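A, B, C and D are the chain letters, set down in written order, and residue numbers restart from 1 in every chain.
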Amino acid sequence: MKIALVGITGYAGMQLYQLLQNHPNVTQINIYQHDLSQKTPLWQVNNRLDHQHLAMALPYDSQQIMADNDVLFLATSAGIATQLAQPFLDQDFPVIDLSGDFRLKEPETYQKWYHKTGPTSQNLAHSYYGLADLNQNHQQHYIANPGCYATATLLGLAPLVQADLIYPDSIIVDAKSGLSGAGKSLSTSSHYLRANENMQVYKANQHQHIPEILAQLQAWNPTIPHLQFMTSLIPIDRGIMASIYTKVKPGIGQADIQQAYQKQYQAAPFINLLDEDLPDIKSVVGSNNCNIGLAFNEKTGYLLTVSVIDNMLKGAAGQAIQNMNQFFHLNDTSGLPLHPNTF
Amino acid sequence: MKIALVGITGYAGMQLYQLLQNHPNVTQINIYQHDLSQKTPLWQVNNRLDHQHLAMALPYDSQQIMADNDVLFLATSAGIATQLAQPFLDQDFPVIDLSGDFRLKEPETYQKWYHKTGPTSQNLAHSYYGLADLNQNHQQHYIANPGCYATATLLGLAPLVQADLIYPDSIIVDAKSGLSGAGKSLSTSSHYLRANENMQVYKANQHQHIPEILAQLQAWNPTIPHLQFMTSLIPIDRGIMASIYTKVKPGIGQADIQQAYQKQYQAAPFINLLDEDLPDIKSVVGSNNCNIGLAFNEKTGYLLTVSVIDNMLKGAAGQAIQNMNQFFHLNDTSGLPLHPNTF
Amino acid sequence: MKIALVGITGYAGMQLYQLLQNHPNVTQINIYQHDLSQKTPLWQVNNRLDHQHLAMALPYDSQQIMADNDVLFLATSAGIATQLAQPFLDQDFPVIDLSGDFRLKEPETYQKWYHKTGPTSQNLAHSYYGLADLNQNHQQHYIANPGCYATATLLGLAPLVQADLIYPDSIIVDAKSGLSGAGKSLSTSSHYLRANENMQVYKANQHQHIPEILAQLQAWNPTIPHLQFMTSLIPIDRGIMASIYTKVKPGIGQADIQQAYQKQYQAAPFINLLDEDLPDIKSVVGSNNCNIGLAFNEKTGYLLTVSVIDNMLKGAAGQAIQNMNQFFHLNDTSGLPLHPNTF
Amino acid sequence: MKIALVGITGYAGMQLYQLLQNHPNVTQINIYQHDLSQKTPLWQVNNRLDHQHLAMALPYDSQQIMADNDVLFLATSAGIATQLAQPFLDQDFPVIDLSGDFRLKEPETYQKWYHKTGPTSQNLAHSYYGLADLNQNHQQHYIANPGCYATATLLGLAPLVQADLIYPDSIIVDAKSGLSGAGKSLSTSSHYLRANENMQVYKANQHQHIPEILAQLQAWNPTIPHLQFMTSLIPIDRGIMASIYTKVKPGIGQADIQQAYQKQYQAAPFINLLDEDLPDIKSVVGSNNCNIGLAFNEKTGYLLTVSVIDNMLKGAAGQAIQNMNQFFHLNDTSGLPLHPNTF
């Protein structure tokens, strides 16, 4: 397979590039860059990559991309995919879009949460929400890769919501992310002296992954009315922990809950249900896994579901490749790490 | 004032020693150590302290302690204060106990949560729960200094619970602590390779601060039935963030909530209510402050209260000195830092 | 004493403010800020400070500063003190300047290393290099507070250079600093994702503290021809370790070296000579101390001197207050922490 | 290829396992464990691995290992390989030993630096020092994989020493390592509160990699008399930076030095020479690379060579696989990452 990649300067694009180089079915990776008028050494585009100065970045050209590749990955900032998508949609060319542009179904919701204009309803209708561990997509060509927080949260909630085990208005998610989730641009909150030895809550009730999560939850279970969802930065490079509190319905016990999770994920190669412990973040960093643990408190009736992922892998580049694997009928796990590279 | 200190080898004892040296009313600090049979250089007892080799640690002797000092600080492990307390209780000698031994009122609760035998009911009846920012104690001689998690949680919940603004069964606390909260002893979870770049949930529904918090909440408002409370380690040295979710009662709005907090804390020198933002941990590290921020979600009806403290100061040694200040009618803030030493 | 402070928005100014608030001889701290036209709440100038909104920042006015204060601290960026100094020099008003502007004696050296125009020779002639642990200044009114790297390095080298124990051309300093040394402004090297889990060498052979160190070394021992000096960032907030390698002259042994250090520092309250170990950075963080350890390798003839300081205290605000204490004949240690606040 | 692995509980063994799973020529990995009497789920041997509970660990049996595998990796603590090696040496079975046991050529040197008895001279004579980027081994069956510090240092020094560009008695190495280099066992120096926000020098002039480095340097250039070598821990998980200071011989200039490095490493796939910058640690973490930068100071005559590696990859498991690749005539880079997984 020949791969086109746009967005190599950001963290998700770099991670994609690193993973694709080890993918057994990938024979070529072509990097395209907007602001180039001619072939340019990759090193000059991103000086973290290619110390041996062999690879080139190419000027962006949608027709050339389709002529020379089998699939396009967009690892671009909010709003860019909106501008780039049309020619690919027109020709049903496979696109895996890591940005948030095509995840929501109504333009006005995008406008509200992203504070800019997104794709048209018509274009949104052609996109597929690629939550790869719960669905197998072999047909839809424009795949909106889910957000990192959304992935951790939805994988943690799916069995409860689908099996209707919890009070629908009782979902509270307290989510924590490493700084790579906040991106590469310079800001006070990502300055080392501010971020290190600290924990910072941000975008209280305003995070743009909220509508994406709620839409999927309601698709599974229309009785879900809303979602209490908070995000925070902890001083690590990678990783997300979603601590999900729900109130279990009367008559539902520990065994019912565990059974629902086991049934849902018994065939999922990247989802690990922990028997007794709650997972720590480092148990997944470097892998495409999502580890899930449960703590049911019979006294209070609350269930804590802890769902951890590597935000750059399962929460971005890893799931994007998983979506590629599914679309092209490859093995789900091809080119994707099943073990953490931590200790 | 002359101060006796037992427990200089642990983190809380070290922090106490550091603070007391700058306290304007303290003229002498006498360090006592169980396993000594004679005066020993402090340096040999704790090689992090006293590089100039001037201070001495003394053998433990309760009568000598009372003869030579005005107050005793116990910064000892669980179970030790139980063994040491009797002579001081017998003579109404002021003791500030940083351990959990005298915080609960029923011996069987202590046994259940600490997995060892604690003080008798009779002795427990003489102890005072020194939540210093909410009460002023000038009389009771045996002061149980609150736990770090308990302090952050109770200061965050007090206005809501006392003013009856929330559904009593809706309290969920997702608390995060730096590693100093886990103490000095070696363990897998505090090994650098396990703790760094990680977040670890621990003691799910089992943390020994739960009964201490619940007892105080119920003293304020007997309708509180239980408490959903989780603790986790984040990779920082110091600091606690308690993220407290509660469901606000119908008819209660943002203004009511803010008013309750302002009324409660208007005269509290160490409590800072943030107008708009939610506090980060570093805004209090190095100070004896508790910073509190609120995010009310009208859509879901949930209120998030974020309460942050330095677990070694407000959560241990700082509050202990505040308790000393109150007992001896000193200024509440004497010798205690009002500004963080961070940036 | 009444203190004027300019530069509260930077790290050194914040640290100064925090220390001065606990100084027993300080009765008032007046904060001045260039860009203000009227009194402004301090909170609005620096939102890390003063959560209770009581303190004010004042417009900058040199005559008002001299009328209302006993001493001025300048915690300003390179080049600012050059512009502000004249009225204070004209009236012999005490100034403690934490910037590098007045540390060098020749304007052309300043120009070369700071890449901007500094003070005139005439003004430079009135400044005093305040290396407070080695000199006692009671007379000179304009005090140039030494650089952080310079302080750690010079305190480590003084006994060797003054007693002529080493080959003068053999000095190699491999210095490491926490990120606070790199300041508050946003940059790629201080972005969390770049700085965390990393070590970065910077300004190779170009650091502006080199001429300041060399000038002092040559003042002590004119045979010193040059200095090999490298700086790097390690992922910590505070602290410097200067690893100083020197080749010991023939006939000089371990005992001679230790004796030289002991003689130099026997009366220095902030300098701790370690008997056997080499100091770690955390042994001084939070204190105004400089801890020094020695490892002489008889096989190679090289001596390693490890000198550690808290760059914000001994390397900036702490030494500045020490300079104030000396100038005003206060106790050297007044208001300055003698113990680390670490564990 | 079928791989036998002993030592899956330690960090190097875990890293080996993770890498070998993605190696294109590896069809099977058999894990052997000393203290087992029967097949045991891998999960129970190391609970960081294999959340899906599929893999098994086997009892240790040297004859079975040779019957069922093509090569044996030993990722064992000091002293274990000494005990295990004999049957494999007897039958010329390929062994790649990540421990220090077979790196030195004289038993008495091992005894002196490791404080225990190592292999006999006879056995040592059959081992090969596998510094894979400088030598290509296709014949020798017992390969002693170099130490992490030794690898970074020797790759940084090789061009200078082989081309005789420096004063032979002028080598000073100031090396820094992440905590994974200190291993998995619990100790005060690896406790999070001690290691975090700190830098610790350790084993001053006593590190066991010193004789290994010196022996190789002297093999290249017998005029090298000794080595000044210091090791320290910085608060990161992975990575080594060796800062190597040498005094360049008269008449040797910047161009000569660069030429020597380019000539040495022009065909080395894992060695990146940086044109202008000095490398940071994160530029290699996650890869099997060694990045090298140079800063020649014409004023002092000292050259700084900065050599960085990932201690778990190039410094342990990565180089071990590179040694396997060479021995079995595979591509040098097979199964080994050429790009960092950082940003």
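Quick note on the criterion: contacts are C-beta pairs under 8 Å (C-beta built on N, C-alpha and C of every residue); 3 or more make two chains touch, one makes a residue touch a chain.
Computed from a prediction, not measured in an experiment: that's the story for all the values here.
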| item | value |
| --- | --- |
| Count of contact steps on the shortest path from chain B to chain C | 1 |
| Any chain in contact with chain C as well as chain D | A, B |
| Farthest chain relative to chain A (centres taken as mean CA coordinates) | C |
| Distance between the centres, which are taken as Cα means, of chain B and chain A, whole angstrom | 39 |
| Interchain centroid distance [CA atoms averaged], chain A/chain C, Å | 46 |
| Length of the line joining the C-alpha centres of chain A and chain D, rounded to whole Å | 36 |
| Shared interface positions of chain A, touching two or more other chains | 11, 180, 184, 193, 197, 235-237, 342-343 |
| Interfacial residue positions of chain D with respect to chain B in the complex | 11, 179-180, 184, 186-188, 190-193, 195-197, 235-237 |
| Residues of chain A defined as touching chain B within the complex | 169, 172, 174, 176, 178, 193-194, 197-201, 204-205, 226-228, 230, 232, 234-239, 241, 243, 245, 278, 280-282, 285, 293, 295, 297, 299-300, 302, 304, 306, 342-343 |
| Chain D-facing residues of chain A, complex | 11, 14-15, 17-18, 21-22, 24, 48-52, 180, 184, 197, 237, 269, 272, 274, 283, 286, 289, 291, 337-343 |
